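Here chain A shows up in two complexes: once beside chain B, once beside chain C.
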Partner chain A sequence: MSRGSRAAAAVVAAAALALTACAPSAPEGEGSGDGGATGSGVGPLVVATTTDVVNFNPLIGNSRTDSWVTDLMYPRLLHINEDGEKEAALATDWGYSDDLTGYFEIRDDMSWSDGEPITAEDVAWTLQSVLDDQPAGTLLGQMGAVESVEAVSDTRVELHLSEPDAVVVPEVGFWAVVVPQHVFEPEGSLADFANDAPQADGSWVSAGPYALTEVQRGQSYTMERVEDYPLADDGAPNASEVVFRVYPDVNTELLALESGEVDLVANALPPSQVERLQSADGIEVAEVPGLGYAHLVYNMDEPRLAQVDVRRALAAAVDYDTIREVVLQGQAVSAGSNPLIPVLSQFAPEDAEEYAFDPQAARDLMASAGVDDTSFRLLYNLTDPVMAQAAQLMEEQAAEAGITLELDGRERNAYLAATDAGDYDVYLGNFAIMDDPVTNFRLSYLPGGVINYTHVDDPDLTALVEEAGRQLEVADQVPVMQEAAEIVKDQVYDNIMYTQNLYIAHSDEWSGFVVQPSELLSVVNPVSLANATTAG
Partner chain B sequence: MPALASFTLRRLARGLVTVWFAVTVTFLLLRLLPGDPALAIASPTMTEETRAAVLERYGLADPLVVQYGRYLLALVQGDLGTSFTQGQPVSSVLLERLPWTLLLTGAALVVTVLVGIPLGVLAAARAGSGLDRLVQGLGVTGQSLFVPSVGVLLLYVLGLQLGWFPIGGAYDRDVYGGEWYLSVLRHLALPALSLALVQLGAYVITLRSTLIEALGEDYCALARAGGIPYRRVLWKHALRNALLPTTTLVGLQLGFLVGGAVLTETVYAYPGVGRGIYEAVTQLDFPVLQGAFVLLAVTVVVANLLTDLVYGLLDPRVRT
Partner chain C sequence: MAAPTRPSAQQPSEPSVDPAAEGATVEGVPGAQAAAVPGAPADVEQVAAGGSAARDTWRAFRRQPLGVLSLGVLGVLVAVAVLAPVLADYPSGTGSSVLAPPSAQHWFGTDNLGRDVFAQVVWGSRSSLLVAAGASALAIVLGTAVAVAGAWWPRLDALVGLVVDLVLSLPVLPLMILVAALVGPRTTTIVLVIAAFSWPEVTRVVRSLALTVVRLPYMDAARLLTPSATWIITRHLLPAVTPVVVVSVVLTASRAVLSAAGLAFLGLGDPRSWSWGRVLFEAQQAGAMSSAWWLTLFPSLAILALVLAATLASIAFNDARDPRSRVRR
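After this line comes the complex of A and B, so read on.
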């Protein structure tokens, strides 16, 4: 053996020795470390995910892949149905008792896995701690009008507001994930608690359909079914276990599905794979409505783009149909260039017409605006193949209208930073979840809104959005929001191109999944995975 | 001071400077990356106050020189910092993954050397023949292969179509004891083969050319003139000398191997340091990235140091 191979063999031997520390021990016996979980049921259901769980504390971070696991551990107050309407989950009733008080009434039949009941105190403590400790997550941004939270009975929580706000209750209900006060409170600040170690019995105290019992970082996360989950159709989950296996590469994920090593791929399929898998043996593809949109935004700090005719010209220089057909292979629906997207059926206008692709009109509008320099820099996320391909098509289409789009594709983090800094002329991007129109408009189009990237400041629009925020009934919000949306569309403050339909692939041996909109919820939401079964 | 001790000290000092240089460049490069770690850690819809709090919490609000000084001070105390995203010490994040990377790269090296040496010898012994040209062609082709493409191809053919190997991961669930080790070997086979395939060419071509050179040396001609069989001259005389540059190549290739491991571990869902780097890049997790690069720099420097020392022992001319 040469010196080189001796050295390599030594490395292998050292690694093998170190691996003995990684070798799992055989379980001691049934029932150990199961945190109230039970081994019966069908399956296991093996779900492919793309990354490890970063935070087991569901109130930190904004990772979709984390949520797939933590949503099975910690209950949300509200869910959302296929029509984009909020519906009961842990909360059975919600609303406002007066202009400055919101409330949630919660179920009285759910318990944490250690036997402690879930009470309004858990909910109030979770929400108040988010206000106090300000963990870096999505929920805090939805709580702007909330001054304090208190439990007024075992099942009722009240939110005290600084001003009337019609959307804060449903938004908090949708984004809030409730954690056990008796576990989290002793750990100090909610913002610093990683929640990455199990209790003494080897599991995490949780209240979802499955209890997390084993973590093998880089490999898998094993969750065992619990006896009692009232949100499931049969009052308990069907699968004996849900096992999340980590595949960073989507090609490997799909090979694992086709080989039968996994039963469900949690992330949406790339558009190019949908048709192939729809006809593949042993695989079914579920269609999931998107809850967001892809859009173009024009930087109005740039003098040329401050003119509405220039923005209209740019909007007329894109062939939206072609982009949906070529890039997304028809897997998208037009939003009629309206920010009230079709999935939000209560709000979306039925007759919204999309900006027409009209190169000559684009030329005329550009000329009438007196703009000679028709070159604009288009910023997009280079690592998103859909966006990258769409940008290239847009470049060609704009050229027909005499407009030059200089493509500025960047890596995701660089793209986000450039977006945040307003470093673009035209921005091509997407939002994954826009579940509430009033909230979306506040964030996107009101002065100071955290994603008002174009610095929209239109007094009429602002007045309408504020008025909608004071309407406690959705039916009263609708006409106001439709009027506001017309301003956005007419002034081209935002150019909504489409909502992408999502496709989730799973083994045809499994059925019973419950679809909820968006890739965050899709068929991996807790109710869906509790109802999934192999029993026909 | 004896020549060997002086030589060792010089190499050691050079290694330390190299590590410091790598640490500093890594620190600065990560901060020059266009991107905002607060956006990766928290939410794009966070308020300015939340963003400021995030930057403050992770020490990113301080001037660069302060961050650098604090980092170096912690580093010499063996503290690699805490992961932004996981909230765990970087050392434990990396140590959890290191055995898998060592196993993968070590196995790939063993395969490379065990296959590469006979191929290189065969090509050199039949220099100019069709077989030699075939081996050279394969060597050059192997060097130009892209690891992820090789990985997906092997997974598709040997994993999905033939079902001989599992699709990704490092071992099966619910297996214990000896069965677990067998499972580890089954999962190791394809990623190690992928890595070996893409680096094999360098070994074969290097060994072939140094061996042809050695076979033309006087001592080989003398040995053959003295009646020693060609096979013995080839394997016992020429190969021993030709292996010296190959030993150096093992050290040099380690850096390449580790680079290849990032892609290989990602395609094969293998839970090593390379995949940790991939994930840390997407999450802008500076401490994990810094820690991983320090670990890799130290590994490569130590490997090269050992190679230099072995070379110094074998060839006294190198010590001067």
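After this line comes the complex of A and C, so read on.
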């Protein structure tokens, strides 16, 4: 399956560090894990965030703070390591026993905080309930090929598939969060259960390194260490407590970090603050590889944009280098305008060349398409600072090519609604996690796909994407996917601009964090917070 | 129309509206006399009387240093807005020095894209003053019309009072945010939204004066002369309330600037034009508020200067147009 060693992500990280041209502070993934201190005397780890937990049920659509907190409570079957590969977590082995059966073997040494062991029954019940109750969330979208789930022994779960599907097992393994059947089942539908009240003893039944014990809305979430957590290096978490504290915005978070009030800021740093904090006393900055991308999408329902020359003209009217250098301060990796982004090292073509910024070519293409009205409305989320500033630069760059980009920045919820309604000519946005290219292509480029913002329906592309999904070996998927990606790039069905590298600031008193890619996992993932320590 | 004709004996019990009513007499009474002889002479006389009152007010105003200074500050801000293209290049593109502190080259420093903050503040004054002018003009016209209509037609007044109280009791900021978010952040939207929530303040102030004025003897006299409500309202009632309207214009305008800056700071400003609120918003978004003080200081100072000057100027004008406070000086 998705194992095997890759080095490209490390190369990418090194290149990004070279670009920032300042003292690199490499993430301390391993090395500081001295065997001695097993938690004793390690004080609470205070983590800053900017929003409250909206949902304690990990299977309902989640915000980042929701994920950070519930990931410490409920285990995932698989994790993603720094190189973007799936690795064992609750599941120790996974794969397919035949074309229509996927399986997970799970650990037998983990138990819920009330003493009940975690069994394959819990896993099977969680997955089957997602199929039955259809809670809003990413997981359901990954389970299209799954017909039913059953526990065949205490440690083995089998997924029965409707058709051969090469990606369903690793994808479900990563996106599924296992919940305790004996607590959730009596509460009725998974889709409606808020899980916002503790048990009689004041805590939640969970199985992570820390157990939630106190909730003060708008202020803090206190989680106490558990005695036994097999995924930690020492078999138990180090810090006595993890406290999530809520701050109004990133400015106040950084002030709190600099004054020593918090030990870690969970939100990624704004690009312009990275350099300053890297050289600040008492603060270390961990680099977290991105696992998603920022892209421009051209709505083909608009007649002008249905013409490939118009899309090519728009793609030639953006100065990608300047956006990466200025808005992102060089903290981004070009995707070579290819949806197989470099961090997906098994798939990414080596010589992907980016669309060139060429205002004159854009003018010519626009003229050859016979389009006189060169005004397009650009939709973006204006509360995302990077997107908002990139949009401003794009407007000016497009003007050089005689193209008017009418900025239509909207507040987040209005932006999401407009995105769903297809209410845009050009869409500017980003995805945090695109861990599996086949799944990503299905959702993005098949007709009816939930993130098919281009509204593309190209039979050749569709055939290739479906073909790739039938290949059970990654090596067989690669050439098909590369061919599909070439169509996407040539036809400008999707304009992938870059993968942003993220930076997380923490106090230099703490070490031992384990970096996982994307802001969702970063150093706030359960393994990382279990291993974090002030010793050494 | 059974207009109430309560005698002026009521006046001492209402000291707050008394000076205003007196001010109204200065301008209103000559007009009422002239009405007896319609035609050109009336206009001449009215203009002359109005002119002399204005001259007195101006003379009194000039004697207040704070008022003159405020007016000067307002004048400078308007000049900066008008002359923006001369003073600075439009802030666009990117610069090489990012988050640089104030220097000879960049008087107010640079932001996180290396753009000149001085240029942003200068160009920001345009949209800020435009919003101030637009929103206050709309609010004044609507607010005054509603107030005068309520005062003139007593049956309407109960409704006007109710609507004003209702709108004044609404949580204005959340509603502004909601509307701006739903309709989309455009300068015209911002102007309309702010005006929609500002007019009741104007109505409340104007109405209290208008209610007093319609009961004065010269209004009864006017009613005897003509059945035309329009004529009496435009010739007598509106001039009588004009001084409070002038004060309201300035105060509403400065409040509009604050509201616009607040909305822009929340990300609901027009992303296509610079405003002082947008400079603050971008500083907050960049996470640079604690480390780059120049990003927040200068636009804040500009907002402070405008609001303070507008408030002081309106206080000075209010004192200057009041004959009794003139005598005291």
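In the analysis below, the second predicted complex is superposed on the first by the 495 of 536 C-alpha atoms of A that agree within 3 Å, B and C clash if a C-alpha of one lies under 4 Å from a C-alpha of the other, contacts with A are read in each partner's own complex, and residues count from 1 in each chain.
One rule holds in what follows: contacts are C-beta pairs under 8 Å (C-beta built on N, C-alpha and C of every residue); 3 or more make two chains touch, one makes a residue touch a chain.
Predicted model only: the values in this text are computed from it and were never measured.
Asker: By residue count, which of the two partners contacts chain A more extensively, chain B or chain C?
Answerer: Touched residues of chain A are more numerous for B.
Asker: Of the two partner chains, chain B (first) and chain C (second), which one does A:Asn413 touch, if any: first, second, both, or neither?
Answerer: Touch status of A:Asn413: both partners.
Asker: One more residue to check, A:Ala197. First (chain B), second (chain C), both or neither?
Answerer: Neither: A:Ala197 stays clear of chain B and chain C.
Asker: What is the contact status of A:Asp249 with respect to chain B (first) and chain C (second): first, second, both, or neither?
Answerer: So A:Asp249 meets both chain B and chain C here.
Asker: Of the two partner chains, chain B (first) and chain C (second), which one does A:Ala475 touch, if any: first, second, both, or neither?
Answerer: neither
Asker: For A:Gln389, decide between first (touching chain B), second (touching chain C), both and neither.
Answerer: Touch status of A:Gln389: second partner only.
Asker: Of the residues on chain A, which ones does chain B touch that chain C also touches?
Answerer: 249, 251, 255, 258, 410-411, 413-414
Asker: Which bits of chain B are touching chain A when the two form their complex?
Answerer: Residues in contact with chain A: 33-36, 38-47, 49-50, 53-54, 57, 85-88, 96-103, 105-107, 109-110, 112-114, 117, 148, 151-152, 155-156, 159-160, 163, 166-171, 173, 176-177, 180-181, 184, 243, 246-247, 249-250, 266-272, 275-276, 278-279, 282-284, 306, 310.
Asker: Across the complex, what residues on chain A touch chain B?
Answerer: Its residues touching chain B are 2-5, 7-16, 18-19, 21-26, 51-52, 54-55, 61-62, 134, 136-138, 140-141, 191-192, 194, 196, 216-220, 222, 243, 245-249, 251-252, 255-256, 258-259, 261, 410-414, 416-418, 420, 443, 450-451.
Asker: Under the definition above, what is the set of chain C residues touching chain A in their complex?
Answerer: These residues of chain C touch chain A: 92-94, 98-99, 112-114, 181-182, 184-185, 267-268, 271-272, 282, 284-291.
Asker: State the interface residues of chain A toward chain C in the complex, per the touch definition above.
Answerer: 249-251, 254-255, 258, 269-273, 276, 322, 326-327, 329, 382-383, 385, 388-389, 391-393, 395-396, 407-411, 413-414
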